[in-house]
Each structure stands twice: as structure tokens, then as C-alpha cells.
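Okay, here's the structure, questions in a sec.
Letters are used for the chains, namely A, B, C, D and E, taken in the order the chains are written, and counting of residues starts over at 1 for each.
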Amino acid sequence: MERRDFLQLLGLFSGAAMLPGCSENRSAGKLVSYLVPPDEGVLPGAALYLPSTCGECPAGCGLTVRVSEGRAVKLEGRAGHPVNDGGLCMRGQAALWRLYHPERLRNPLRRDGAGQFQPLSWDEALTLVVEELEQARQEGRANLLLSGRTTGTLTELQQHFCRQLGVEPLPQFEIFSHAALRKAYGILFGQAELPHYRIDQADLLLSIGADLLETFVSPVGYARQFSRAIKQDGFQWLHAEPHYSLTGANATERLVLNPGSEAALLSFLLLRIESSGQEGRLPRQLLRALPAVSAGQAARLTGLAEERLERLAKQLLLAERPLLIAGGIATGQPNGLQTALLAGLLQQQLGMIGSRIEFARAENYAAVGSLHDLQRLAERLEQDRVGVLLVCAADPLARAPAALDLPGKFKRAGLRVGLCDLFDDSARQFDLLLPLSHPLESWGDAVPRKGVLSLLKPALDPLHDSRSAGEVWLELLRRSAKPAESASYQEYLFDVWHRRLDERQLQQFAEQGYLSLPVAAVPLRLQAERAAGQLAGAETAVAAPWSLVLAPSIRSFDGRSGSLPLLSELPDPLSTVSYGRWLAMAPAAAQALQLEDRDLVRVAAGDWSADLPVRLQPGLAASVLMIQGDLLPEASLPIDPRSGELVRVLDGVRLEKLGSAAQLAILAGSSSQHGRGLIPDPAHHAEIPPEQSRFYRAHPHKEYRWAMTVDLELCIGCAACAAACYVENNVPVVGRRDHLRGREMSWLRIEPFYDQAGRAGFLPMLCQHCHNAPCEPVCPVYAAYHNPEGLNVQVYQRCVGTRYCSNNCPYKVRRFNWWQPQWQAPLEQMRNPDLAARDRGVMEKCTFCVQRIRRARDRARDEERPIRDGEVVTACGQSCPTGAIRFGNLLDEQSAVYRLARSERAYRVFAELGTEPSVYYLRKG
Amino acid sequence: MKSLAAREKLEQDVLKGLRRPGKWYLLGLACCALLFLGALGLWGYQLSRGLGVTGLMHPVGWGVYITNFVFWVGIAHSGTLISAVLFLFRARFRSSFNRAAEAMTIFALMVAGLFPLIHLGRVWIFYYLFPYPSQRTLWPNFRSPLVWDVFAISTYMIVSLVFFYLGTLPDLAIARRRLSGIRARIYSVLSLGWTGSHGQWKQYGRLYLFLAAFATPLVASVHSIVSWDFAVSILPGWHTTIFAPYFVAGAILSGTAMVIILVVPLRRALQLQPYISIDHFEAIAKILLLTSLIVSYAYLVEYGLAFYGHNQFEMELFRYRALGHYRALFWLMIVCNSLVPLTLFIRRLRRNLAYLFAVSLLVTLGMWVERFVLIVTSLAHDFDPYAWGTYTPSWVEIGITCGSFGLFFMLFLIFVKTVPVLSMSELKERL
Amino acid sequence: MARTYRYAEQEEFMDKLRELLQSGVGKEQLQLYTPYHLPEVEQLLALPPGRLRLFPLIGGLGGFFGGLALTVYTALSWPLITGGKPIVSLPPFLIIAYLLTILFGSLASFAGFLLLARLPELDNLLDPGEFSNYFIIVVAGERP
Amino acid sequence: MKRDTQAVLLAAGCGLALAVLALGPFGGGLGPLLLALSCWVALLQGCVAVAATCDLVKARWIGPIRSRLLAPTPLLLLSAPLFLLFWPQLQHYPWSAGGGRYLHPEFFMLRNLAALLLTAVVALAYAAAASRKQLLAVVYLLLFVVCQSLIAFDWIMSLEYPWYSSMLGFYFITEALYAGLAVACLLFWRRLRAADPADAQARERLRDLTSLIFGFCILWGGLFFAQYLLIWYGNLPEETGFILRRTGTAPYRQMAWLMLGCTFMIPFLGLLSARVKSSPAAAAGISLVILGGLLLERLLYILPVLTLAPLATLAQFFLLGAPVLFAWRRRAAGGAGES
Amino acid sequence: MARLLLNLGIIGYFGLFLLAAVALGGYWTGDRQQPQQPIAFPHTVHAGTLQLACEFCHRYAKQSRRAGVPSLTRCMSCHQTLAAEREEIKKLTRIFEAGQPLHWNRVYRLPDFIYFSHKRHVRGGVPCAACHGDVARMKTVRQVRSLEMGWCLACHRDLGAPTDCTTCHN
């Protein structure tokens, strides 16, 4: 492209980004005069907000990066972004921890003869790769590229690269490949795609196995949709699953299935609806192929009551806009493909395809393969036919089922080149390590699903001597004397965008960081014959106890985020276990075996076995055991031969009590609320007539009285708020040892409380900023006091650390610094400069993000106006995917919190104590 | 000439205590000093690392340290009780104990005063708790019970010191006469040149009365204030009105036990049998019994009322105390403080020193455990079930606790060798 | 010239004292030394109650109002709301006042004691006058 | 002898009259009876308790008035049957709807009846006893503690159910003793008038007594403050209501201050001076004030909850008081010669 | 003998006070700092004789928390020509041409638990001299105010500025 265009785009996109603000390092006591002044609009000491895209999981949520003093200090969901529209999950919040991860590769490494890794320059490294490629070609061995899921321009560049250098691109690797679903849709409609589901368009959602709120394709997006859907009255959500997932916990009703009986359920429904004759009829040959499942059989197989099954069918029939989503655990089973097929048929039969299920906006999984491809790779490695093996931004070694023995077979490749960011165990399996830049350090774009273009642009200079994948491919092209049309990947991108987008679009793209592009409608035809052929084998045998479900983890996705300290610090929302792995078990079953929390048991399947501590999981089926999938890499899981999906449900698992107990960091002191009405059932009411309630006169608030409302109907317990709070407020991550002692530092925590029936309610608990706060008067030095704007302030510098305030806090939300908080370099760069670092011996707690209030006030005073409603958004509220948390001024009668605090659903926790909190919760229904 | 001789003998007997120490004494002293130094080391360790080295956690922010504080303040109580209150009630047997008891008060207070400092997160700015004009123009928060503590403890310390010193004044003058060399010098300076003229005696008598009158309400109020450290909170099991009388009784119970623990061996070692008779011990034992009864009454009322009001938090907490994680300690406390002392209703046991000594040991233990149970259970099991947790002291805390005993006994041993352990000028009246 | 009587026994001493008083010796002439406190002597000499009780009174009052003043002043000097309690919340402040009452009361009375008992007697500090086990009556030089 | 029968008859008569009145249409409900009974029982038991304590610690000052102090002890026997009159009126208690296992009507009546009876019997035995006084004294004091605690928790505190203050029992015990001492002081005054006024020893003892009263005055103040402070500080709605109802509104607030003045401030300031301490008349006056204050306090407990019809209240109060007063004057008159 | 002891006591007693006084004096004067700068920049000339407005160089004082120090280009914009022969200017030019940033030594240092905004103070009409003193008179700038809490507070109280802790503490 021409220089002029490039410069124009550069101006358009980079704007202020690249120039470090006049940053000052207080501790060093220096003031720096830079060569050139930061250009207009950039003020030293003021933060920048740059668009980007989250790379922590394939969903590709839009980001707003807060850059302060040249350092990215906070990630926020980008408002209006088609994928996540403002929300961001805990993994997204933790992405910064990957950027500043102490174990990041700092420069290229090569394994020497002794097996030690020696640093070398990029130049040497790339030359080496080129030579090896060449040599392998001459020896007639194949050079392979195995990459994680890529989208957008990078995919194209990769293909280009492979074509040019004769490298064979393998189908991309994702363990959550949704292969069964894609294959099923391929069989049924000739579209091997992952459609985009529109929950917000539905009035009845029946989800089978798909963990929409944890890892299924785009959790934040689906959570957002759910929040819109639930606002329309009459919305019903039924979730069917063998185990217990966060998704199930949030559904209107959770249908507990016997493992493997999903297909039976679906065929029953198909037949019922067919026989009702209301909905579109299915082709005859399909009907014949359908396993004939009567209500009785269905009941026996699924374990649901016959009456319930009938009612389910009726509900589906009566619903105007029903939506069925099958996936996740449901398709990760020996008969997963059938389940997917039947689901597809039901979707077709009830007319969801094309309306609530959009193939036109299909999720971008086209390039992703399945485990079959890994199997093939393994075979080829066996036969020593692989020269250079490039593995880019993927960790098959840790994720792929142990049965494949990839680590062993990898060794057979000529040169194993790993493009990765962390120097972890799987990285050590390579011969040559090329450090990848973090998405926040690099240029790029993403197309999470058809019709969405999302921008990546550097928010800060690379911390280490690393490069983005694109840059590496281009370099390799150039070095192998192949025509590389662009000097840099940035230029390459600009070129592509320049070609694809017109002026207006470019403008928009640069400003808002994303684009919604028009999509072409996809014609769909049900191919009955092919489908009928595949339906055989849908029958299900009743699972033999125990069944072990390897549930996907909201904390680490498929395990890739497990290496981020923050995510081990945050407890799993259902079990409240932070550090360590555990086996979830139904209380009844545990009682039968006289097992309690933390008791060790040995689970064994086939020749594999593991010793795990037990954690009681109310609501879990008695014959089902559950463990977070990412915690069991060594489990030898079978692969579904038909779909290439990983089978995540094991039957006939053996269980043996070991009699000893292990240390396990369970944060919840009790999983029941002992009828204390923290989450009130309608019965509970402890209101006291005000004149009786207070001994001393209410103190006045002048202009503002800050308050928060938390809508428990919207809260899904995903703990994104907690993660956001950690990052925003520099909350120290203290690690396993202190968690075992109950010394976690979270300012905001999600408290799950289970009722007798095992239904869970989630209560985000943070400082309630009480009007009559018990913590304040007991402080001997005024470190805790109540400020005129209704904040319960903790002055760290004044605190002497008597800990009386924490003792006297009925909500137990104050945290004491038992040690001097440690920030292993370069993590300290992540610290939010707007907040003081707390020292050892000081009490700390939620401040209602006082620094954000201060920022808003500063702005308001510049414009000589009061702070507007919604101008102050706390970190937790910003991150919440469902917008359950609102913050504002209680004195402003127009404000949202004023309205919500007066809704008939509003209540305050422990109102009977007369503390008069400023946090109002809105009870369900 | 008989009473004169008796007086002379008394002086000799009592001042025998000031003779050159024997090896057992030195050994004991060394052990105590060692314990104390060890504790100092541990404290240093804690200061360098942070309070993480203790077992304290969320939600249990107070543990062994505060337990020790309350315990030692409690010990400090019977000292002033025995000298001041019994003086007002003209109980004759007072004079056999008061000197030792007052000394005990002072030492116990010195030890107690350390623990709030040890438990502070940032002890290097402890002076924020004192009202002094600073450039910050910030003052302590007088609404906080912890500030009341600062005032209560220091007041109690000062008044006790004055009281102790006044009582010793004439005896110092005697020591001055009977000893020689530099010690005589020291004693004579300390005795302010006391001559025993009727003018001095007159003022002495009246001052003693005033001080007793001031000290008596002080005794009650100080431990009431300590009890309010807990009672003003809203925690179930802490926030209850009976705490003030209950703590005072408990304090006197433990203190009296400690007096017995100290005086029984003292009487033996210094052959003071003629001056400290069994009847005196019986009288003290009766106080022990009475206070134990009051404490038991408080236990009963606390428990009864927890269930009387149907307050779910209270009920659950008291269930937890008796049956929960700390139940063993709870029952130990019941046995030691309520049941064992009941045996003192039997006169023969009251008058059996060995038995009395054993009971006192048990009571002291029991009272320590009581404070521990009371402090920890309420914190471990309060309002929000999610935040429940259990606390186990770390070896640092245990070490420092032992050290506090070391310090206490070290000070007392030094006292035994430097100050007449009986108030001679008072005993002379009895002769 | 002064006469000195030494007695070993309290009774003899008291008898002598009575006798002296009856014989019209003025009590200002008498200087008595006893090994322990003898209230009877005061009754015999019918000494006035003395001014010592003023000291605790003044000290106590000072302490009480001083305490109130301190707490109230500091609370008002930078009014910070804690727990919704009033800035001047008397119940807690009374505790401080009460404690200071006792503190200053007893300190004042001790000071008063030193003052009235003329202690410490400097010249008596190092070459002390005897504080013996005897009951001693010294009759200062009587006029003929 | 003649006088004794008089006394018995009077007592019986009054008791009967009171019963009739209380049960009759003009009984005025539970209030008057509760007031009268709780006051007089506390007073009588207090007197006996004072005597018993003095015996235990061998206090000398009690000597001249011990017999007088114990004179009305037999009247304690009345308390039990009169307490039975509660039975038909329990519905006045807020918990009568359902107070759980402890506040259960039958249990309530039984335990209180038992406590009253036992205390009365032992008190009598002790008052009459010539030997083993010590043991009886101890037993009586234990029973006294139980009985007063029950009166505090069951009769009075449960008026405010579910509010509770664990100190109340202790508080009532103190008040009973306080009242007992005040009575003793009054008797002293009569005695000193009767005997020769320059009885130095008696005055010495009066000083002891008044100092004791002074001590109790401070103790009472302390307890009152302790309870108030904790409720004020904790600010728990379920507790504050109790105080607010008694200090919030017009008549009660003034009553509360008056009560505080009578039971604490006046005696405290008065007894500060040695002269007042040793003057029988002044001491007696202060004692009267104290008794008035204690009565006021009982009123404060009951008034916000139960209605007190003035006439019925006065009638019942004095019907119960008459025999007590009679007993004392009788002793005084009869015993002028003795001792 | 007694006299001697007494005198010793008295001397010691007052001696202590003397010591305390000296120590305090040292403490109060000690923390005022006047560091040497890499380039001897004379405010006396720029702010004094030339009468340049503070914001001519510290251009962010009105718009940002930080007043900011001028970029070297800004310095050179005059000193390309002006007084180029001076030794210090030569130093400056060298640094500029070497393209390095210039590290000044901070004179006024606030701890990181304090939130301070130049913008708010300048816009609020607080003259620079109120805190920085008469810089025009200082050859090398020195700290003329203690920057202690009490000092800030006094001014806040006089001008009716907020005295809530969160105004400055974060």
C-alpha cells in the first residue's frame, strides 16, 4: 500500500496510544523530561482508554484497556461490542495477569545438547527455523503447523505463510472444539458450523448440557442475552444436565438427567411433538430411524418423572419462541453425535433454525479441527514423517487426552518449535521457543463470529523481547526470500483493512474498536437421508454408578487460564474451593460412605486412578461424581470415534475411601444460610419500625449519598465482579498457604447458599457501607469513619491494626494484611496508581471504588455540574455480564439506585441489626 | 517486753527474705528470664514478618494475645481488692496478703499492658491511641472501648503503684534501719526519711483511706471496661449486659487464685507460717468460692437468656460453644471455674493448703480458657455463615504466652528479694 | 531542753501520754514516734481532721471536668461520624471523665500527703532519724 | 402474744382484701398487683439478705437493729399465695401468645411459686434460728439470688419479651439489698431517737451503714450505666426499643430522670459529706429518697406495658405495705426496752 | 552528699529537655530538601528576570494532576539560539542531541497514599507560590513547605476546602 495511506491509517488508529505519558516514578524521586511532548489530548497523570480484544478464550470479547503512565492497569468489557457489550468474565479480567506474568518467556530460547534452554536472538532463532524447514523439505519430511484457534487476518496470513513455505497447516486445535455439534449440523443441513444462538429472542430456553454461563462458545455474550431475556416476563429456562453446573444453578428449573440419557430425552420429545401434530412434521425415513422411546422408557432412562417429561413436551409446544441448545457435556459422550443430531432435528421441527439459531452469524470455528486430527498427527509422528513441527498459541501437550501420549510422540519430530507466552511444562517439551507477544502488546484483528470485526492494537510497548504470531510468519517469509508484501504485520493489517473497508467503516473501526459487518443469509435444507443414516446407536444404556463428569471450569476454561494466579485465588463459584483439586459428591452419597469435606478418596476408571479430597456438592445426583475437567490432565479420556469429541463422562468409576483427609482451601464456612435470610425466601421478613430502630439521630448527607443495588435475579454468581475488584483495587493475591488459613483478601466475594433441595442462590457480599456502621465507633484512631457522602472510609495511613472493626462487622467484609503484600516482578506494573498500596498490619476493604468517584467528581467540577447518574461505575458493576450491580446517588430521585432501592423486591442483609447498609439487594421474583 | 520482742522477731523474720539469694532462687529466676527473653525474640520475629506468623485469621481477628491481656488484667484485680476493699471492710487477715497481692497487681498489669501492643498490626504507631496534640490535629476516638482501655489500664497502674508505695513506705524505713551498706542508702532514699512521727502517721492513715476509697470503685470499673471491649460490640455472645459484673467476678476469681499460688510457696520458703495462718487462707478461699459462684451464675444466665429471646444468632452461637469445634475447652472451663471450687464448701478442704493450691491452679487455667472460649467462639461463628471459620494458635503465640508467665514470675521473684513481702508496720498492730 | 521517754509497750506509752496531757503539757510541745499507726493517739490529742481531704476533692473534680473537656473538645475539633453516633456522645465520654476523676483524685491526695507530712525530709534522707520499734515521746523544751 | 395475733390477723386480712380486690372488677389487671408484689417482696427479702450477709461477715453495725430488720419476715409467706393471683392474668404478658419452652404459663407459675415459698420458709427458719445461723444464712442467700433473678427475668423482663438484658437479675439483687440497707438505716434512725442520742458507738455503726449505702449507691449507678451504655452503643433495634419507650416520650422521660436522681445522684452527693453520713436524720431522709427512687423504677418498668389504674394501684400497694409497716412499729414499740 | 545528688538530679532533668529540644529542632529543619539538579537551571532567570509564567514550562498545571516538566524540545525552542554558548546550555544541547530524556531530581515529593491534583488547586485560585514559595528568588529550588498533613489541613480549613479524609488519602 502507499505510504500516504499507511500514515493516514496510522494517524487514525494509533492516535495517542504509542506515546508514553510523562510518566513519573515516585519512588525513584525523578521527574522525567521527555524528548518530545506528548501530543494534544494526552495529559500526564491522566489515564488513556484504548480498544482491544480479549485473547483469553475463543469468544473474543471487546475490551477497553485503561492505560496509566504507560502501563495497562485494567481491562473492561467494551460497551456496545457485539460479543459482550460491556461485560467481562473473570478470565478476561485476569488476562492482565498473563501480560505481566512472571513466568513469561522473555526472549527466544533453544534447547542445547544437555537439554538446557539457552537464550538466542530472534535473528538466530528465525534463521534456524528457515534452515530446518528447508532441510526437512529436502529430506521429504513434512513440516507441520499446529495452531490454536485463529480468526481474521492472522488466519489468512498463516495460510499464506504455509502455502509459501510448503508448511502443511493442520486443523486448528481447541479441546472445546464443539466438533459433534458442527458435524451434526453438517450432516443435517450441510453447514458444519457452530450457529449463533439468540437466547434474548426466546421465551422458553431448554439447554441440554451446554454450560452457557461458563465456557460454552461465548459465556459473557450469553449471560448478557440471558439478562435481556429474563427482563421480559414469562421467560422460562430449563437446563438438563447429569452434573451440577453454574448454568444449571441459574436456570429457572434444573432437570437432573442420568448421564448419557440426553439422546433418549430428545427422541422422546421429538416423538411427542411429532405426535401432537402441531409443529412441522419430520420426513418419514427420519421418523423410522428415530429410536422409539415411550414416556415410560424415557422416564426410566433419564431419571425424570414421567409427568415432568410430558409437561416438558407441553411447555415446548406451548412456547411461542422456544429455543433448544444442546452441547457441552451433552455432546461430550459416546452418543454425543446422536444427541447433537436429535437436537438439530428438534430445533428444525420447532422452527428455531434461521430465527433463534443463526447460521448466518455462525461462530468462527471453521478452521478448528477435532481430536481425530490430533490422532492423525500422533500417527504421523509415530512414523517419523515429521520434520519441523510449529506449534503456535496452542497447548495440545497439556490438553489432549493422555491416551494419545503426545509428549512422547512429539520427541519424534525433527524440530519442535513452540510459539507460546509462558515458560511452563509444555513449553519445556519444545526444542525452540519463540516468545509470543500478549494480545495487548500487538496489532491484530479478530472475527469471533461472522459479521463481527474486532480490533487489537498495542496498549503498551512489549515488556519483553517478544513478537506476535503475525510478525513471526512475516519474518519467516521474508527470510526465506519469499515475496512478503509488507514491512511489518501492522502494515499488513492496515493493507487488509484498507482493502476491505471503506472510509466510514475505517473511521468507525478505529474509533469504537469493532465493526458489525453485513452478513449473507445461509440457505439451509434438511438432508433427511444422510441424517437418518447417522441416527443409529442413539440408544442409551443406563449408566453404571459411579459416573464421573469432568465439568468444564469457569475459572480456567479448558485449563489454559489455570496458570494465572488470580484465577486460583478466586474460589470456584459452586464449591467455593480456591486452591487444590477436589471431587464433588452428593451429600447423601457422602453420608452413606461417612465422608466429609476434605476426606481423601481414590477414584479409578480403567487403569487410571487419582486420590482426591471430597467436597460435598448439594443438589448433585447421588450416583454422580464431578471434577473440574482442567484439573485432571492425566485422566485417560476416550475420544468419540464418530465426532472426534472428547468424552467427558466416565461410567463405572470405582470409588474407594482412603480414611485420611487432605488440606483443601474451602472458603465457605457453611453452604447453608441457616435460615438467616441473607437471601430471603418470601417468608423471611425482619423489618423494624424506624422510630424504634435508632437510638441517635440520622446524620445528614449533603450532596451525594452513594449506594449500590444488586439484583439477585440477574446475578449468576460468575464472580467476574470479584475478579474485577481484585485488579482495580490492587487487592493482594496471597496464595494457597494463607487460603488454607482463611486469610483470603477479596473485598468482594460471591457467597453461594444452597437450600434443602440443592437449589443455589448467589449473594455478592462486599462492604455494605452501613449508615450506622458497627466497625466505625470501635476504631480507637478514627481510621474507620463515615464520610459526608455516605462512604464507610478506611484510612490506611491511620490504621494501627487492632482488627476490632473486622470483629464487629456483621458482614465480615474487612480484610487484614497479615503480611507485606508481595508483587513478583513485573506484576507490580499492573498496580493501579490511583490507589495506595496497603502495608502489612493494615485493615482494608471495599471503598465503593472511591478513586472512580473522585475521577468523576474531578470531571464534574471541571464542567461545573453535579455528578450525573451512571457517571460513576464501580469496577464490579462495570464487569458484571448481566448488569446486576448498579451504583449511584441515593439523594438523586432520578437515579437508578433510588428507584431500585424503593422497589418492593429491595431488602438489606441483616436489616434486623439496624446497621442500615447502603447496599440494597433485590430478591428474586 | 513481750510485744517488743515480738516486733523485733517479726522484723527479723520478714527481712530474712532480703538475704543473699540461694541457688534454687537463682535457678528459678534464670528460667523465668529465659522464657521472657525467648518471648522477646518471638515478638521480634513477628514484628519483622507481620502478624501472619500468628494463627489469627478471618474471621477470628483476636486470639491468644487478647486472651492473655484479659487474663492478666484479671490477675491484677484481686491485688487491689485484697488491700483496698478488705481494708475498707476492716478484714484483719488482709495484712498477711496485701503486700504480695499489690506487687502481683503491678506486675500483672505490666505484663497485661504488653499484649495490646503485641497484637497491634502496626505497633510502631501505637501512640496514635494517646491523646496528644499533633500537627495532624487528629485525636483518638474516645468512643472506642480500646481508648477507654488505655485510660483505664494506665490509671489503674498509677493508682496501684501509689497505693503500693505508700504501704511500703514505713517498711522501707525499717529495712533502712536493719540493713547496711548501699542497700541501706537506697532504702532510706526510698523511704523519704520516714520517722513515724504522729504527724506522719496521721496523714498516712487518712491518705491510705482515701486511696482505698478511690481504688475500690476503680477495681470494679477497670475490668468492667475491659469487658466492654467485647460487650459494646454487636457479636452474639459478646454483646450482653451482664459482662461487667461477670468479668469483675471472674477477674477476682482468677486473681485470688493467683494470690494463693504465689503466697503458699512464699509462706513456705520464707517460713512466714506464724504471720500467715491457715485461717487467713480459709478467708481467701471463701472469696474464691463466692466469686466462683457469681461466675457460675453468670454462665447460667448467659445460657438461659440466649434461648429465652429466640434470637437465632445467639442460640446458634451458644449451641456452638457447648457442642462445636471448641467444646472440649468449654467443658474444661465449666469444670475448673464452676464445679471444682464448689468443693470449697467443705471446711476441711478449705483449710488444706495443698488442695487449695491445686484448686487455684485449676481455676487459673480455667479462667484463661474461659477468656479464650469467649473471645474465639463468638468470632468464629457469628452472623454470616459463609464467613465462619476456626482458629488455632501458632507456636509464636504460645511461646509469647509462656514468656508472659516468665516475665511475671521473674518480676515477682525480684520483688521477693527487694521488698519486705509482709507489711510489718501493719502486722505489728496485730501482735 | 527536751525530755525523751522510750517505751517498749503500747500501754505504758499511752498511760504516760495521758498523764502528760493531764499534767498540762500542750500537745504542740509533744513529738510522738510510734512503730505503727495508732488512731488512739489522734483521739487523745484530739487533732483536727486536717486539710488532706481537700486534695482528693479538688483533684477529683479537676479530673472529672478535665476529662469531659478533653473528650468534648477533641470530638468537636474535627467532627467525624462513627457508627452514626452523635459527635458529642456523652456515655463514652463519661467513662473517660470518671477514670480521670480517680486518677487525679488519688495523685492529688498523694501530693497532699507528701506536702502535709513534710516528705521527703531532705536532711533526713541519708542520715535518717530512727524509726524504731519503741514508742517515743519527746517533750519539747517546756517553760518553767 | 396479743400483738402477734394482731399482726397475723392484720396480715391475713390485708392479704384476703388484696386477693378480693385483685380478682374483682376494680383490680386494674395485672399491673397493680405486679407492682405491689415485686416491690414489697424485694424489700422484705432484701432486709433478710442484709441481715444474713452481716451474720456471715460478722459485721458489727447490724447489732442494734437486727431483730427489727427481721421482724416482718413472716410476711414473706404471703407472697406465694398472692403470686397465685397472677394465674388468671397471664394473658397480659406479650409472650402468653407463645414464648417457647421457657416462658410457658404452667412452668412460669410453678417455678416462681416454688422459689417464693422456699425463700420464705428458709427466711423464717433463719430469722428464728438460734444455732447454725451461718448455714441458714448461706442457703437463704442462694435462694434469695434465685428468687430475685426470677422476679427480674420472669415478672418484669418478660413484659418486654423478646427484649432481654442478662444483667437484670444481678441488678434486682443489688436493688433488693440496696433497699434492705435503706430500711436498716431508717430503723437505725428510730433506734437512735429512742435510745440516748449521745450513743457514740451507735453513731460509729451508723457511719458504717451509711458508707455501705454509699457504696451500694455507686454500685447501682455502675450497673445502671453498664446496661444503658451497652444498649446505647450496640444500637440493636430489638434492644433500643426498651430504653426508647422509657426515655423517649413526655411523662416517662421526666420519671426516668427523677428515678435516676433519687436512686443515684441525691444519695451520692448527699453521702459524700461526712456530716450527712453520721447524722441519723439526714441519713434517714436519704434512705427514704432511695426507696422512693426504687419504687419509681419499678413503675418505669411496668407503666409503658401495663395500665396502672391509680386507685387500684394505691390500694393494693398499701394493702400489702400495711402489715409490713405494722410489724416494724410493733417491734419498735415492743422492743423499746430490749437490747 | 544529699545536695550533690539533688543538684545532679536537677541538672540531668533539665539536660533531658535540652536534648529533646535540639532533637526536635533537627527534625523540623532536616527534611527540607534542596537537591542539586543535572542542569543548573536558574528559576531566578526564567521566572525572575524573564518573568516567564509558571505555566509556560509547567504547562499541565491547569489541566492535569501533574504540573509536568517541559520537554527538551520546549527548552531547545529558545536555547537553540539563546545563550547557547553557556556551559549548562551546552550540556542541555548535548543531552538533546543524544536524544536521551533528562532526569530532574524531585524537590516536592508526596507519598503515594496521597492524592494531589495541581489542576484543582490552580483552578481553585491557589497561587503557585503558596506551596512552592517565591521560586523566582531561588537559584536552585528548595522545598519551602513541610507538606505535612497539618500544613495542608490548615490551608484547607482557611479556604473552606473539603477536609474529608478521602479528599487526599487514597
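Here is the rule we go by: a residue touches a chain if its C-beta (ideal position, glycine included) is under 8 Å from a C-beta of that chain, and two chains touch if they have at least 3 such contacts.
Owing to the predicted nature of the structure, the values given are computational and were not obtained by experimental measurement.
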For subunit A and subunit C, what is the smallest step count along a path of chains that touch one another? 1
What's the overlap between the neighbours of subunit C and those of subunit D? A, B
The chains touching both subunit B and subunit D are A, C
More contacting C-beta pairs: A-E or B-C? The answer is B-C
Among all chains, whose Cα centre is located farthest from the one for subunit A? C
Nearest whole angstrom, what separates the Cα centre of subunit B from the Cα centre of subunit E? 54
Could you put a whole-Å number on the gap between the CA centroids of subunit A and subunit B? 58
Mind checking the centre-to-centre distance between subunit A and subunit D? Centres are C-alpha means, answer in whole Å. 71
Where subunit D touches two or more other chains at once, by residue number: 229, 231-233, 235-236, 238
Interface hub residues of subunit B, defined as touching at least two other chains: 137-138, 140-141, 143, 147, 217, 221, 232-234
Considering subunit C alone, which of its residues make contact with at least two other chains? 78, 80, 82-85, 89, 92, 95, 122-123, 125-126
Residues on subunit A engaged by subunit D in the complex (per definition of touch): 688, 691-696, 772, 777, 912-914
Complex contacts: residues of subunit E adjacent to subunit A: 60, 63-66, 68-75, 96, 99-106, 109-110, 112-113, 115, 117, 119-120, 123, 164-166, 169-170
List of subunit B residues in touch with subunit C within their complex: 1, 3-4, 7-8, 11, 131, 137-143, 147-148, 151-152, 154-155, 158-159, 162-163, 166, 170, 173-174, 176-177, 185, 188-189, 191-207, 210-211, 214-215, 217-218, 221, 225, 425-426, 428-429
Which residues of subunit B touch subunit E in their complex? 134-137
Looking at the complex, which residues from subunit A come into contact with subunit B? 576, 667-670, 672-676, 678, 738, 741-744, 749, 751, 753, 763, 765, 774, 777-782, 798-804, 806-808, 810-812, 815-820, 839-843, 910, 913
